[in-house]
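The same chain A turns up in both complexes below, where it pairs with chain B and then with chain C.
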Partner chain A sequence: MTESAISMRGVRKTYRFFALDDVDLDLPTGHIMGFIGPNGAGKSTAIRILLGLVHQDRGDVRVLGHRMPAGQVAAKWDIGFASEDMRLYDAMTLGWHMRFIASIYPAWDKAYSEMLLKRFGLVPEQKIRGLSHGQRVKAGLLLVLARRPRLLVLDEPTTGLDPVARHEILRELVSVVQDEGRSVLFSSHHTQDVEQISDQITFIDRGRIIDSMDKETYLDRWRRLRMEVPSGARLPVLPGIVKLRQNGHLAIATANAFRPDLPLAYENAGARVQRVETMTLEEIFVANVEQSREEATV
Partner chain B sequence: MYLQIMEQIKQKIAVGDWREGDSIPSIRQLAADLSVSVITVKRAYLELEREGVIVTQQGKGSSVAGGSELGARLHEEELESLLDQVARLATLMGLEPAELARRLGDTAGQEPATKRIRKRKAND
Partner chain C sequence: MNSLIPALVRKDLQMIWVFPTLAVATGCGALALFRLGGGPAAISGIIAFFVVLVMLGVTPNVLIMNERRKQTLAFVMSLPVSASQYAIAKLATALGMFLVPWLVLVGLALALIVGSDTPNGIIPLFLVLVLLPLIGFLVTTSVAIVTESDTWSNVTMGAVNISYSFVWITVISIPGLLADGGSPVPVWNRTILTSLVIELGAIVTILGLTLYLQSRKRDFV
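== the complex of A and B ==
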């Protein structure tokens, strides 16, 4: 049995206006986890805690077998972290950065770094100052990928990129876990990207983990039922339904704990079920946040 | 998303690119080829196995199942599902079964609609 690449237990961090509360999280080795949630939900705080950059008030954090933050220095050799605000030296070339990182990390893979240069369409002689946003993101990612870290942690790696650049990066991330010993955690607002390449999905809102499980199970729990309702009838909100909207003769029920017998239950309640639709992660994201906000105001 | 992958694999089998007994890519390999998550491909393979389209042997990977006339069966399934859609639409439009059958017969006797439209455009 392989151990988790990341495990967080009962992690708490309190700031004046924000608290990360009782966070439990597990990333199995060899998996890609998509970390999603609205702005200010606590994604970056959680990421900084597991990197040892921010110390938790309490709770247990283990990354690649190291206890954090105590094992931060030892863990760093095996973790590759890239965020939007990667600090590169503007006056230096990409090639200079590559040689610099290679001199620090013995695991630097020269052949892979050269292949990435080609794939990402980057020129080593170019100074960082002259790079576009997309090229800068790709350069930062190249510097991290070519170290061949056992764990990649990426904060919004595809934000602000054009569709082609995004696909190049997603393809690279999927190819990382062809080696079953490597794992990826990435946060993103791009639900489509998360849906495409994640094995695990963790959903966070206002400092709390709402859901954390494998993607297929997660998507499978959500369905939308489109129904026709006879005049005058009101449909009940059955167990597993988070939202029921009835307008004239049409009703839409959103389920977050779908069971195959749910359509039949509505038929028995007098509705005619027209369609049972699966939902995209984007739709689930919105429904989930709406629901948790409603619960909070009750 | 796993449904799309199942569909693609079935198509490959239906058109004969993958034949009975051929071994198919490993889950991680196909995930990398398609840039999708391992768990999605795993789910697709599991469902295909359940449907008897592929077989997986421990340690030997997966291969196309040796069922008889798999291509024909897949076509049959596709036809069934399309007919279901046609029937539903016909009910909504209030078409009588006889009228529906007549139109289906007419369509079957013609060139496919896409070709007809293309031809019409070419003549314009």
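== the complex of A and C ==
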């Protein structure tokens, strides 16, 4: 399927001290997009625009074919949203919440909800105020997953969780997205979580999308070259290199468009290439943000 | 797909049904005091009755501001509901939670007046007075929904509650409102009717303004 689950074009939203600036975003149906950005980058604002909870000042937003914010009610029948700062009613039980959601969504899958209860170790009779943070997150996710939404929007769902709870939640998300018709937007600043489950990656910083592509391409294109440099030699910044740091005899070049001939090009410039390293998503993210901020200050 | 407004109203009622129940019980106690006690006890009953009506106005604060304070608003707004539908649901629930006890207590009070030797001429003035807590309640509810601000909500609630004593004294001192209070039958004179029309107009205006302002909101959560 090539239809977009999410499409944002030229979206702008201005606040007094922050602006989301000309955001373009595409999530093809059936894909999982990791939406990565530092705190305050604009992830939550973008997500709230997607849900119609915040109205963009300009730009076109479509979610599951509905134009937002006008089509928010129709769209939200098929969207499951969970966020780190979303709370359930603490005086009520999880079972009450399940009955409430089941009364709204005809697609509520009772068998699946009971399976999730067991898998997450939750008790329906327990009041929300008696749950730990991890259990609350799992309870929120259960309420979202068991309604079988076509689009899952998760805003920092693993923030503040212990490693075991994070693992359980990520495992469940991986199994959920095996259904090819389902799309997921997963926002986080935990790049390890995103790396585990996403096939598309979008970086956002200071209200701007700074890069967006499929994960494998990211991991293929970004490399770090460690080199030894003769005394007095200055290495050039070759095409495809976003950062070159030289300290005495050692130099590190970071490439965002790595080509197999890059090491040879540096060898020809006088360097001895010691190693070509792959980079983790976190390293790519940090390098990307640094590059974007440097470009913005020039 | 159907509107979620009834489901949202049911949800809220399930969570805070205890408030209107307590109000009815306390109000009935106040009326019993008025009916059975004499002299100071009867006056205490009347005061307690109006205090209960005023306290019913706390409902919107519990209902609306808690949604924001306890961060459950995002949960509700993730459901297939618009900002306007959310406001209608909250208004409907708050109104129901105020009006049901209000109607029960006002109805019981009227029955007590009719069934006792109290002159029935007091009934029109009584209706003018009991509509004031309804207006105060609508003002606090509307401010809570529209501003979504703890500060504004609390300031408004405080101001409204403090204003009752002044407003009631002012209303009672209006020439013509008490003129026929001693009559054995209710007398709907021009002053009484004008007061009731003004009060009903205020109610409709507040409701309309709330829904209008809510529909113009651009940022909700």
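Here is the rule we go by: the second predicted complex is superposed on the first by the 295 of 298 C-alpha atoms of A that agree within 3 Å, B and C clash if a C-alpha of one lies under 4 Å from a C-alpha of the other, contacts with A are read in each partner's own complex, and residues count from 1 in each chain.
By definition in this document, a contact is a pair of C-beta atoms (placed from the backbone, for glycine too) under 8 Å apart; a residue touches a chain by one contact, two chains touch by 3 or more.
The structure displayed is predicted, hence computed values, not measured ones.
Participant: Fit or clash for chain B plus chain C once both are placed on chain A?
Facilitator: Superposition check on chain A shows chain B and chain C fit without a clash.
Participant: To the nearest 10 degrees, what angle do the lines from the C-alpha centre of chain A to those of chain B and chain C enclose?
Facilitator: 150
Participant: For A:M33, decide between first (touching chain B), second (touching chain C), both and neither.
Facilitator: A:M33 contacts neither chain B nor chain C.
Participant: Which partner does A:V54 contact after superposing on A: first (chain B), second (chain C), both, neither?
Facilitator: After superposing on A, A:V54 lies in contact with chain C but is clear of chain B.
Participant: Which partner does A:A74 reach: the first (chain B), the second (chain C), both, or neither?
Facilitator: So A:A74 only meets chain C here.
Participant: Taking the superposition on A as described, I'd like to know which of chain B and chain C A:L225 touches: first, second, both or neither.
Facilitator: neither
Participant: Going by the touch definition up top, name the partner, chain B or chain C, that contacts more of chain A.
Facilitator: C
Participant: Just checking: does A:L145 make contact with chain B only, chain C only, both, or neither of them? Give me first, second, both or neither.
Facilitator: In the superposed model, A:L145 contacts neither chain B nor chain C.
Participant: Just chain B (first), just chain C (second), both, or neither: which does A:K215 touch?
Facilitator: Touch partner of A:K215: chain B, not chain C.
Participant: Does chain B (first) or chain C (second) touch A:Q196, or do both, or does neither?
Facilitator: Only chain B; A:Q196 stays clear of chain C.
Participant: Of all C-alpha distances between chain B and chain C after superposition, which is the least, in Å?
Facilitator: Minimum over all C-alpha pairs of chain B and chain C: 26 Å.
Participant: Quick check on the output: what are the common chain A residues between the chain B footprint and the chain C footprint?
Facilitator: Correct list for chain A: none, the interfaces share no residue.
Participant: Which stretch or stretches of chain B touch chain A in the complex?
Facilitator: Chain B reaches chain A through residues 1-2, 28-29, 31-32, 35-40, 43.
Participant: If you look only at chain A, which of its residues touch chain C in the complex?
Facilitator: Per the touch definition, chain A meets chain C at residues 48, 51-55, 72-74, 76-77, 79-83, 85-92, 96, 100, 103-104, 140.
Participant: Which chain C residues qualify as touching chain A in the complex?
Facilitator: For chain C paired with chain A, touching residues are 1, 4, 7, 11, 14-15, 70-72, 74-75, 77-82, 85, 218-221.
Participant: Any idea which chain A residues touch chain B in the complex?
Facilitator: These residues of chain A touch chain B: 30-32, 167, 170-171, 174-175, 177-178, 180, 195-200, 214-216, 219.
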